Every structure is written in C-alpha cells, then in structure tokens.
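Next come the structures, one after another.
Across the two complexes that follow, subunit A remains constant while its partner is subunit B and subsequently subunit C.
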Partner chain A sequence: MVKSTTKDAQDLFHSLRSTYVATPTNLKIIDLYVCFAVFTALIQVAYMALVGSFPFNSFLSGVLSCIGTAVLAVCLRIQVNKENKEFKDLAPERAFADFVLCNLVLHLVIINFLG
Partner chain B sequence: MMAGSGLHFVVLILAVAICGAASVFQPISDSHRSAAVDVFVPVDGSYKSLEEAYEALKTLEILGIDKKSDLSSRTCENVVKVLGSSSSTLKDAFYALSVNGILKCKTGEAVLLKDIVSQLQAGVKGAKSLLDFYYSVRGLVLVKEQFSGTDLSIGDAEAIFRSIKTLSQTDGRWRYSSNNPESSTFAADLAFETLAGVISLAPSEIDQSLIQTLKTGILKLFDSIQKYDDGTFYFDEKSVDASQSPISTTASVIKGLTSFAASESTGLNLPGDKIVGLAKFLLGVGIPGDAKDFFNQIDALACLEDNRFSVPLILSLPSTVISLSKKEPLKVKVSTVLGSTAPALSVKLTQAISSRSKDSSVINNQELKFDADSATYFLDSFPKNFDVGKYTFIFEIVLDDSANEKAYITEAQTKVPIAATGVISIENAEIAVLDSDLGSVESQKKLDLTKDGAVSLSANHLQKLRLSFQLTSPLGHVFKPHQAFFKLKHESQVEHIFLVKTSAKKSELVLDFLGLVEKLYYLSGKYEIQLTIGDASMENSLLSNIGHIELDLPERPEKAPRPPVQSTESHSSYGPKAEISHIFRIPEKLPAKQLSLVFLGLIVLPFIGFLIGLTQLGANIKSFPSSAGSAIPALLFHGGIAAVLLLYVLFWWKLDLFTTLKGVSLLGVFLLFVGHRTLSQLAAASNKLKSA
Partner chain C sequence: MMNLSRSVALISLFLLPLLSFSFSVDNPTDRRVLVLLDDLSLKSSHSIFFNNLKSRGFDLDFKLADDSKLALQRYGQYLFDGLIIFAPSTERLGGSLDSKSIADFVDSGRDLILSADTSASDLIRGIATECGVDFDEDSSAMVIDHTSFSVSDVDGDHTLIAADDLVKSDVILGKAKIEAPVLFRGVAHSLNPTNNLVFKVLSASPSAYSANPSSKLSSPPQLTGSAISLVSVMQARNNARVVISGSLQLFSDRSGVQKAGSQNQYEKSGNEQFVTELSKWVFHERGHLKAGSLVHHRVGETDEPAIYRIKDDLEFSVEIYEWSGKSWEPYVANDVQVQFYMMSPYVLKTLSADKKGLFHTSFKVPDVYGVFQFKVEYEKLGYTTLSLSKQIPVRPYRHNEYERFIPTAYPYYGACFTTMAGFFVFSFVYLYHK
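For the complex of A and B:
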C-alpha cells in the first residue's frame, strides 16, 4: 500500500512537471516572480520570529509588500493567460499597465507605513 | 496759649464733618527730600530732555535742595542752544524758557530774544490745538517774567480768549482741538493756565462776562470730583485709555485753578473741604516711585501752599501711641502741606472715644498747649479714667484772628486713631493638678511669670491641669489680652497649643486629660510648658517657660492616628531639593548588528534566485522596440517607473507624504501618457504579428 502511494505521488509529480513545461514563458516568468516575493516574505517572518517584532509597523509593511505584489502578480497571470475565457478580450498590455499602476500605489502606501 | 485770646471768629469751616475711617496724613518731610535727590539727580550728569530737566529742577527748587553746579551748567548749555536756534519746536522753546526761569542761565545778546518772541507770537497766531496755545502763550508769559523791558503783544487777546474757550464743554472738561472730540480733565488744566496767561498779558482787554462763564465752568469741573472713604478727594479721567493717573489729573486741576486764580482779581469761591481733601490725597500718596508722579505731587502741593483763595492746613501726629507708663505728652503738629509753619491757631481735642464703649467720650473739649520752640501742640494730662486700649481722638483746629494775609482752611474735624499702652500687672498666677472626679487639688504651685520657672508636675490621664492668673490694667480693671496661649511640647517635638480664656474675674485654662488623650496622640512622657501673653496695649508682653509636666497616658490603640513626623530641619525647605531622577522609557532591545546584516544578505538571496531563474527560462527583451519613434516612449516609460521608485526611496529617507504625493501625481500623469503610447505600440505590434 505504501509503495503504491509513493508511486502515485511520484506519478502525480511527474505529470505536473510535464504539464508545467508546456506553459508559455511569460507565465513562467510571473510564477518565478511570485515565488521570489513569497520567499522574501518568509525570510522576513523568520527574522521577526528570531528577534522580536519591535518595529511592528516595519515588519508589517515589509511582509505586506511582498504578499501584495505576489497577489498582483497572480492577478496579472490570470488576466494574461490565454486559456482563461473571461479575459479573452482584455489586451495583455492593459493588464500589465494595471499591474504596474497597482504596484506603484501599493508601494507608496508601504513606504509610508514603513516609518 | 491760644485759649486766652477769645477771638475765635474767622472759623473757615465750610462743609460737613468728614465721616468715615480715621487716618493720619503727614506733610512733606525730609524723607521726601532725600528721595527726591535719588529720583531727580541723574547719575550721568545730564537730563534726557528739557521737559525732564524742568520737572526735576522745579521739584528740587520747591523742596529747597541745592542743585549741583555742573548739572546746571550742562543744562544751561542745552537751554541756550534751543533758544538760539530758530528751528526749535514750540514745546522745546517753552521748556527751555521754564528751565531758564529756574536756573537763570546767561543767554547772551537780546537778539536771541527777538527770535524767540516772534516765534512764540507766530505760534499764538497759527495755533490750532490747545497744546499749541499753551506752549506759545505760557512761553510769552515766561519771557515777560524773565526778561523785563521786552515788548510783548499777542495780538487780539479777546479773539484768542474766545477761540480757546470754544474748546470747553458743558461738563467742565476741555477738548484738545476742534477736530478731536476727545476731552479730558487734564486738558482743563492746560486751558486754565493758558487763559490765565492771556489775561496776564493783556489784562484790560478781556470782558468780565467771559471770565465769569469760565468760573462757572470751573465749578462744573468740581462736579466730577471723586472721593475715598478717609476723606480724600481726587480727580480721575473717565476715558479708559487715558494715559493720566489720578495723581497727574488731580495735580493738573490744582495747577490750573491756582494759576487762574492768581491772574484773576476777583476771588474764586471753591468748596474748602474739597481743597483740603485734594491736599490730603496728594499727601496720602507718600513718596511716589515715578519721577513724573513725584513732580506732579510736589508742584501741585507748592501751588496749594501759596495761593490766593485757600491754603490748606494739615494736622499730623509724630506718634500715635500714648504710653501711660512713660507719662509723655501727646504731640500734635499743624503745618502747611510743604511743612512750613502755620499761622496762629488753637487745637482742641473735642472727643476721645474708646473702642470698647463707643457712645461716651473719655475726654471732652480739652485745649492743647502750645510749645513755641518746637512749634507743636501737646496734651500732657490725661483724665483718671484713661485706661489702656484703642481710642479715636477727634481734633478741631480753630484759627485765630483775621489778621492773616492768606485765607487758610482746615478740616472740620480730624479723626486720629490712638493706642494707649501701659504696664499690665499679673497676679495670682498658679498651676495645679486636680483629680477629675472630686476636683480636689493634688499638687499646686505658685508661678512668677516674669521669669522662667522650673516647676515640675506629674499627672495621669485621669486628672486635670488648671492654670489661672489675673491681669489688671493700670487703672485696676480686668484686662483681656489679645493673645494668651498655653503650649505643651513633647520630647519628640510634637506641640499642642491651647487658648486661655479670660472671664470677668480672671483668666483660666482647664485641661481635662481624659478627653485630650487622643489629641495628644497617646504620647506619654515629659512635656515642656510654655505660656505666651500678648496684646498691642500691653508693654510687658511675655513668653515664659513655666517648667515641665510628666504625663502618663494609656497605650495607643491600633486605630489611633500617629503623631505627625516633625521635620527637624524646617529651614531645609529653602535649600536645594533632591535631584529628580527621570525615568525614561526603556528603549526596546534591538538585535545585534551582525544578525541584522546576515538577514539583509539572506533577503537579497531570493532576488538573486529570481534573476538566475529568469536567465534559465530564457527571458529576453527582444520585443523592445528598436526604431527611434517607439524606443523613446519605451525608454521614458521605464525611466518613469524608475523615477517613481526613486521618489519612494527619497520619501522614506527624508521627504514627507505631501511632497511625495505631489511628485507622484506629476510623474503619474507623465507615466500615463508615455505608458499608454508604449503599450499601445506593443499591442499594435503583437496584433500585426497575430494577423500576419
């Protein structure tokens, strides 16, 4: 039984991997960006766990900046992905412009809160 | 001495007796003179302005103080300079002439005089306001006084008189000029002095009816006089922003009246009690602190001292305490306001009312004897029933025969508070410890309160302490002292004070220790006894340590109040206090610097990972437009985003939100245009590719 579960897991992993290779490059770039943002957030959380949350506003602004930009990147990915039927009519350049604008606003707020 | 004369007929008592509080006014004395030297002689040897010089020199002259010669010479130089120049103002010319009148400087040729005279005459002709009239007319009067033989004419005197008179008001006050509706009592003085000057320069030309209307105006002015309770009268300006104090206003009215009366042939009928009241007000000021107030006070008193209508006389007492033990007489002085001798008169003590029995008088109608050497009146014999205590003496001045050149006036009655003191005898002083139930005496000691004793008593909480003594006045009446305190002081410095009550027969204090146990904080032990007896009329007030008493009190129960902690050093409250140690908020513990730097490095790692991943994925910028037309917007777009991010960094570093928002909005608008251009070009390019 155990063997079959691990084999199932391996099969699942392989199938996911092969499917992923087929995704277009721009989506992969966006995925990479999301991973980068999340990792940065995790490192900040680990640091806070280590030294304490003294300037709590700074910690929050750092973490929320990463998470926020990750969320915006996910939105961009959804809008740019050609397989999504809802966003068929939306030009990817428009989505990118929205992404840039939202990021700028987010970072203004973050910098203000950073202190 | 005056008693035998019998010719007491010119009694110039013109009004009702002055009611209210009694007080003593002293005429100008040497303390005024020494203060005047301090106030009016400048340290650096010269005066700031001619006005100041005039005020100072006039005051010193009235008080009879010698002026220093170098001061005079320096001021004289100033005077000659002003009189010589043709461009000095009327005010400067007026004050220069006034100072010259006091110092009598040598001015040189008479050429100077003609210039001054013509300047003043021109001033009179062209005067628009009261001050212009005042300076020019009074200046001409001063020139006439100082330089005899000069020909002065002020033109049409009657027209000038009328034009000044238009500035008067019905309520007695005067305006400063025809355009200025503001009126004041001070302006009235300027007006009267100016009109007096006009009259003296051209005495035959003024119509008597005009002068008569002026006199009624003066009497109207007196309607605005104000009064204090002690019988002093004064003038004060009604307007709120007046720069004149009551002293200067009152002084100015007096100066104006006296100068007007001096130039006027018929007398001025002014109410006498008000003149005395005004003199008392000015004397009651004492020594003023301000130079201007000092000058005003002395100048007005000098006018009152020597005027044609009424010279006030002041009754003063050098000492208001009669000591029955020393048997000194009560001295009374009568003089003018500046301290010069009064004419022949007699002083009578009409009543001496004791503070205890206010309806009957102890002394009635006693004539005071006159001592010619010291020019004082004295009373040396007091009736047998004159005991110690507080009295109000009422004096009356009766002027002698009418062969006086000046008309003197006095108050109808002068009330003076007098204190009579004497030696109080203390008899039958004794202290005893009694048993509370039966009242029987356990121990009794006689006391001699004039010296400290060493009485030693002991008592417990069931007993009483009794202190009694008798105080008798010199006449044998029972004396009730103002203060009679009995103090018990414990070894631990805790003190208790009790009042000794005086009844009709004796003074007695009974301390019942049973009731006082809690008040004494249950402290047993040795208590020192101290007795204090004092009164204003008692010449031998005493504070004596009688001895000590051992008190045996029960134990303190739990809830009883503790005695207050005695601060042994009561004077340490004036020394420096303990240093305050401020407790600041403990700063938060920050992590070590190395740890923070390690994590900074760790943060950069994902970014590096991102870049590596990008290269592995094969990300490129091939779609970057190459043609110039499209490259520029694209470059500007990226540049714009970089600029916004840079602005954010600056915002974090030093800017504030509002400047940043301004910058962001500007860059945002720019980015909007450029970005739209770039992205639309990109979209067009990808559409072309798609369709192609």
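For the complex of A and C:
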C-alpha cells in the first residue's frame, strides 16, 4: 500500500515535470515572474511577524504591490496561453497592453499608500 | 512757579527719610522695634543685648507692657517692624495690644522675640501657643538638669543649666561656632510635632526635666530630655520670624560659665554670641532670599516662547540673591531644584550655580503634552521660602514635524521599488525574448 502511494507520487511528479518542460518559453517567463513576486511578499510577511506591524500602511502597500502584480501576471498568462479556448480571439499584444496599464495604476496607488 | 517747585522739593526732602523708616522688599532688615518690658530695670540688666541692637542700627522704643498708650498700628499702617516682649509676668497688655493684635502683627510679616520666664502669664503662654510652642502647664515648674547645670548656680537646685545642644545651622547661629555653653534658667516648652514651621534652636540635654524645684516630685515629669526645648524659632509661611525663649536671663548680661562635669571653664558664656546671632536672624539681617523671575527659552534662542513642543531642548535659569544686612549678595548653594510639573513633576533637576547668583540648567521637554509649570520650591532651614512658578503649554508634533521616512518600514519601501523594477525587467524580457 505505502509503496504504491510513493510510487504514484513519484510518477505524478515526473509527469508534471515533463509536461512543464514542454510549455512555451513566454509562459515560463511569466511563471518565473509570479514566483519572484510571491517570494518578495513572503519575505515581507516574515519581517512583519518579526518586527510587528507598526507602519501598517507601509506593510500593506508592500505586500499588495507584490500580490497585485502577481495576480496581473497570472491574468496575462491565462490570456496569452494558446491552449486556452476561452481567449482564442484575444490578441496577445492586447493582453500585454492591459497588463502594463494595470500595473501602472497599481504602482501609482501603491506609492501613494506607502507613506 | 519757582516757589512752588522749590517748596515741593523741600517737602519731598523732609519726607524722604520717612521712607526708610520701615523694612521693604529691597531692604528687608527691620528698622523700628518696640520693646515691651514689665520692669524698666531690664534696660540695664540686659544692656549688652539692647546696646548691640542699637549699634546695628535698630530704633528701639522701650515701653512698659501695660502702658495704656501702646499701639502697633495707626490708621492702618504698622508703626514697628519688630516686637520684643520681655514681659513674662504681664497678664494684660496695655493700649490696643492683645494676643490677637500680636498674632496679626506676625501675620503681616513682622518679627517677634518673645521670652517667658519662671512666672509666665497666661497671655504669654497664649501668644506662644499661637506660634506652635507649648509651655509647661505647671506654672511653678522650671527646667532642672542634674548633669548639665552650671557650677556657678548659687541656689544649688540645678536650675541654672549650661546648654550646648544648638541647632546646626550657619544661617541662624552664624558661621563662628559658639564655643561656650549657653546659660539658661527658666521654663521648658515643647513643640507641636505636627507643626513643620517651628523648630528647636537650643534643646535641653537628655537628662533634663521640667518640675517644681522646691517640692518633691509626686509623679514622673511630663516634659523630659531632648523633647524640652529651651529656645525655639518659627518661620511663618509669609517669612515672619518668631523666637520664643523660656528664660529672660538668657538675654541678660552674664559672664563666666563652667558646665558641671566638664573641665572647660569659659570666661564668657555663649549667651552674648548666641542672642546676637539669633537677633540678626530674627530681624532679617541674614538668611533672607530674593529671587528674580524665572527665565526659560529654547536652546539657541533668547526669547521666551509662548508654547513648547514635546522633545524640545530648553534652558532654564533663575537669579537668587541673599541679603547680607546691607546689600544683596549672590546666593550660592547646590541644592536649588526646578520641577517641570503637571500634577506631578515630570522633570526634577538640580540647578547649578555660578558665582553671580544665576542658577541654570537645561533639559528636554518630556514626551507628554499639556499645560506645565516651571516650579522652584526652595525651603531650607533658616532661609526664607522661595515659591516660584511659571506656566507654559506644551504641544504635540504638527503633522509635518514627524520624521519623513520611518526606518522600520525600509524593507517595505525596498520591496515596492524592487517589484516595480522587476515588472520593468519582466516586460523587456517578455517582449524581446527570442
């Protein structure tokens, strides 16, 4: 029983990995960017747990900038992915333009809230 | 016109000497002293004391205590600055004087020397009780001391005692140490323990007690030991000074004392020096302080601001002068303190003195806002009390006086800018990767 579950987990892992290697490069770049943003957010949360939430607005601003840009990158990935039937008719340039504009608004708000 | 101005000048010339006929804020030593005696022979038996006072510039006015023309006030103005009552057996004072008028006299800031003796009347006891001093209720009791009596005691009942337990105060008793003991023959008094304005100048030795010398003791005496005060002094809250003595002979011309049980024989008793120095203190020739106004300002400025901000640095100073008998000298001491007070002192600092009488310090305004007071409350034994205060508000930070960037938030600032940089780099890479 146990041996079969571990073998299943290993098989699952291998199949995921092989599928992932096959994804297009631009999607992989987006994934890397999302990881970077979430990692930055996690560092900030760890720092707040250490020091306390004194300038809470600065904390929220920092975390939300990372999370917000990650969310926008995920949206970009969804819209640009060719395997996605829903966004077949959407031009990838349009998706990228949306991404850039939303990020500009996000960062404007973030800098204002940062104090 | 010329005649009018000339006559005005003449009249003011005559009036000018009258202005120096009493003590004033600028010249606190008393001038005119009324001396009430119950026996005019006291003028000669106490001549050393009175001549000493006259040589120091006092105007002494000798009157019998029951003189019917006695008056301390006329048309609401006091005629005298000091009062000496050497009338222990007088039952009623003459003229308009009584216990209440003497209490009013002290209340107006004027000084009093009161002496009782072996036959202290109720009037004298009443005046003393007003000042917080209680004479022994037994009217025939005297202070007896079988170990500290003077060997020149002729009666042999050890009522003439040689006392040397003096209060340790240079202000009251002068810088020179009184070497010889002080002769005393009279009644004992004790001080009300709850009264913090009165204190003992000459106390009896621990072996003294108060009893009738000519009769056997039927019960233990009430007043014994160091609780017996021979000469006490009170400084009222308005800085009037009162000396109460249990013996009139203390002030008289007397010489030669040897304390029983000690080898030292002194040609001159300590009485003359003691009463001279004490009279200098009572009549405000010594120990009288005057303070200028409190000055405060921010460090680096000279004007006094109307309001301080929390965590400001400020400097505080006050000038204190001491009257030397003739002029105001700078006061030097290391225990004057200032409080920055709002319901309780937030800051308490000792002021440092320079030789010119300026006491100064600097401190930081505490991190509390409200209405504060600078308070200087100086109560040193024998000196006049200084009670000065000045009110000043303290405000919190204005919205633009806070620090611009909060150091604890630097990681968040860094994270935001890193994310923006990351977005910038990502868009380049995404667009131009092969």
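Assume the second predicted complex is superposed on the first by the 115 of 115 C-alpha atoms of A that agree within 3 Å, B and C clash if a C-alpha of one lies under 4 Å from a C-alpha of the other, contacts with A are read in each partner's own complex, and residues count from 1 in each chain.
Here is the rule we use: a contact is a pair of C-beta atoms (placed from the backbone, for glycine too) under 8 Å apart; a residue touches a chain by one contact, two chains touch by 3 or more.
What you see is a predicted model; the values in this text were computed from it and never measured.
When both complexes are superposed on subunit A, subunit B and subunit C occupy overlapping space and clash. With both structures placed on the common chain, the touch criterion links A:N112 to subunit B but leaves subunit C unconnected.
By the document's definition of touching, neither partner reaches A:L90: not subunit B, not subunit C. With both structures placed on the common chain, the touch criterion links A:S61 to subunit C but leaves subunit B unconnected. In the superposed model, A:F39 lies in contact with subunit B only, and not with subunit C.
Residue contacts after overlaying the shared chain place A:T69 against subunit C, while subunit B stays out of touching range. Look at A:L12: by the touch rule set out above, it reaches neither subunit B nor subunit C.
In the three-chain model built by superposing on chain A, subunit B overlaps with subunit C at stretch 366-374, while the rest of 312-320, 366-374 or 420-428 show no clash. Residues 25, 29, 33, 36, 40, 43-44, 47, 51, 54, 96, 100, 107, 111, 114 of subunit A touch subunit B in one complex and subunit C in the other. Against subunit C, in their complex, subunit A makes its touches with residues 25-26, 29-30, 33, 36-37, 40-41, 43-44, 47, 51, 54-55, 58-59, 61-63, 65-66, 69, 73, 96, 100, 103, 107, 110-111, 114-115. Residues 588-591, 595-596, 599, 602-603, 605-607, 609-610, 613-614, 617-619, 641, 644-645, 648-649, 651-652, 657, 660, 664, 668, 675-676, 679-680, 682-683, 686 of subunit B are the ones touching subunit A in the complex. For subunit C in complex with subunit A, the touching residues are 406, 408-409, 411-413, 415-416, 418-420, 422-423, 426-427, 429-431, 433. Interface residues of subunit A, counted against subunit B in their complex, comprise 25, 28-29, 32-33, 35-36, 39-40, 43-44, 47, 50-52, 54, 91-94, 96-97, 100, 104, 107-108, 111-112, 114.
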